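Below, each structure is written out as structure tokens.
Here chain A shows up in two complexes: once beside chain B, once beside chain C.
And now, the complex of A and B:
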């Protein structure tokens, strides 16, 4: 029997399909490969819908990796927020590999969103929604640790979803509901381990100082995402100051969390002063003029009308 | 649930039980008929990759290549040769290639080659020639990589034939035909939807997806069973299974 190279490749691909026998899912096609797992589009036979199924990669199938995956599923499942991908189910395949099912996001990554050419205001509004999702996780004691454009999906209506919480860190004050059992300490990343993505990683993460990683490390990554969204064009001074504060080398000089960063961006969008920037009189006047553009237009129109009336009477 | 700490591909111990003895165990066995069966199994998996190897790497004519492949299985594989095999040094496939190359070198050195006796296997050399004519062989590949690709092709062919036979025995011919049409026969760029197959086989689309799902699972299991027979140790099996299905 002759098998072409294409057929051999197809059969090899089939071989990598997770064996979902005994589950309510049927594999449809591979969607993406991450550091720990492969994400498949699968069909949920009971609910007749498609889901995203993250399955531990075969070569990484160790008890420790399985525990990490379950931990990830539990962390995400506990974070019920419109900006965080919902987890539906967790289980084991016949070969022992752990999987979890989550909502299938039909959107684009933040990278594709930027390529679609949004206005600055649209980009900033999307950014604020990312910050809100991350702030929600922070409030629940969870630090993402790998925020980057590839881990943010943008839906067709501008909704954002933060995905891939595989290397998330639980802070000490995380509620019990998301502390995995057995005790999660043994699965936590130890000092000296570099977790994150270059270009988006905070300096303390790059140095492997895991114990210093907290909400402010995510703030740094959010700053890098903001810089990515703003592109090459020079940012107005208040926005540049927001970037500078978010991406400050010293964690204590950054925003304390994602919500304060979001607040500043919202203030910028509303034409209000931002906490990160001390503005000059001229800047204040310019901002005031921009914010009250309508009022100024009305006053100018009124003065012009008065002037014309004056000229007419004078004639 | 019991968990295999090394790999998920082979599954937990005993997940894919070897249905037949491994080739290496058969070759090492004391029973002559057992050894013959092992050589048959070895030949069915390796004859085509080795034939292509000698045609391309050694640039030998087809008649010469036929004789050399036949001679190799008739004379060079035996209990004595197996004694020199050390699984910690090389995979069984690499060892077979080295043994074959040594055999070819010796045969080439011998100015007056002895007429080869022994049993002649029914091997479809013409088919291998036709394959060589239609496939684009990348001659820049290292010998082991080229042999590996042909070996995978051969392994999958055997797995598909076993699946065909098993499906026929179990009255699952339609399921096999669906799999064959969609995953094996479909040519490059051919658009074939589940709806097309449903119409062709006169079944609902859901039946097509169920057939495909079940047959793909059995194909994977059968390919792994075949692989297990062709490897010398559990460790080698796992490494080969990872390379075959777990490559990233």
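And now, the complex of A and C:
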């Protein structure tokens, strides 16, 4: 018996579809696959809306993985910020697999955003919004540990959402509301485990020095994201210095947190000196002239007017 | 400092310097004090007008255009008055005067406290 490609595809989808019977969700289609779970677009039958449903992959369905998934859901649910995807619900399927429902973001990844050709200012403004979300998480004692363009979504109105907090680390000073099993989180990654994405993870993460991973490791990844957003074109010296400080091999030489990194980028956008860069007199003059180009143009226009008047009188 | 006050001071200062440039024209040098006083008043009026406009409209291009127009109008009013020799200096007064108005229009948009902040303070 011959089956059409469409039929084969449908059968494959049914085979991988999570059994959501007993929940208020109905699977629509698969959206993405991550290391721990598969994200499905599902329809919330009660509220009549579509949500993103992250379901633990069947082959990873162990009590440890399930606990990790619940921990991720709790961490994200505690981080109520416009730049962090909100979690609506958490539960388990009939086969015991854990899932959680979150807002369905209809946007693009940061990779697609860059391909759309934003101006440098637009890219930097988006970057600042990423930093603000990460800084909020840091303030609540959470380090993302896997920041990369694929984990940042850009919405249709320019809103930026940091997603996939599956390998997030709780710092010792995390508030009790976030800590899933205080006082000791038994699901924390052990030293020697490499967590992150090559090209975006900090040197201490690459070496598996988990105990050294803190806010500054995320700052390194943010620097790598900034480098990604800026592309191949050479960055102006202040921006290159910001990159250099954010991605410094030594954590103590980096920005202490995402908010200070964002502050420097905002200062650059506003034409102000940045903390990472000691500028020469010539650079300072050029920055001042750029910042006050309208005034300089008006002064030049006045001097030109005066010069024309003198020529007129002497004719 | 509120925007009309900023416009008044800046317009006055720029008006003084604009008036002093008459010193480079020997034939009007004897009348320089009158020219400087007139130019200062013209600058102050343009500055207050630009400051008032900046409180109402928050737009740098609009501020520049408004300042230019007010500067041009006031300079025309001054130039329309004949000099002691009976001559009119339309071009010599209106061209720099309008550009100075534009400078004050820009400055009052960029600097000075907006109305709400000034009231709160």
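FYI, the second predicted complex is superposed on the first by the 302 of 315 C-alpha atoms of A that agree within 3 Å, B and C clash if a C-alpha of one lies under 4 Å from a C-alpha of the other, contacts with A are read in each partner's own complex, and residues count from 1 in each chain.
Note that a contact is a pair of C-beta atoms (placed from the backbone, for glycine too) under 8 Å apart; a residue touches a chain by one contact, two chains touch by 3 or more.
As the structure is a computational prediction, the values presented were derived from the model and not from experiment.
> Touch check for A:21: first (chain B), second (chain C), both, or neither?
first
> Check the residue A:48 against both partner chains and state whether it touches chain B (first), chain C (second), both, or neither.
neither
> Who does A:294 touch here: chain B (first), chain C (second), both, or neither?
Only chain C is touched by A:294; chain B is not.
> In the superposed model, does chain B or chain C contact more residues of chain A?
If we count touched residues of chain A for both partners, the winner is B.
> Touching A:306 in the superposition: chain B (first), chain C (second), both, neither?
It touches chain C, and chain B stays clear.
> Let me check the overlay on chain A: which residues of chain A are in contact with chain B and also with chain C?
After superposing on chain A, no chain A residue contacts both chain B and chain C.
> Contact residues on chain C for chain A in the complex?
So the residues of chain C touching chain A come out as 21, 24-25, 60, 64, 91-92, 95-96, 99-100, 102-103, 106-107, 110.
> In the complex, go through chain B and note every residue touching chain A.
Those in contact with chain A are residues 1-12, 15, 127, 130-131, 134-135, 149, 152-153, 156-157, 160-161, 183-184, 186-188, 209, 213, 216-217, 219-220, 223, 242, 244-248.
> Residue numbers of chain A touching chain B in their complex, please.
So the residues of chain A in touch with chain B come to 1-8, 10-12, 14-17, 19-21, 26-27, 33, 43, 56-59, 61-63, 66, 92-97.
> Across the complex, what residues on chain A touch chain C?
294-295, 298-299, 301-302, 305-306, 308-310, 312-313
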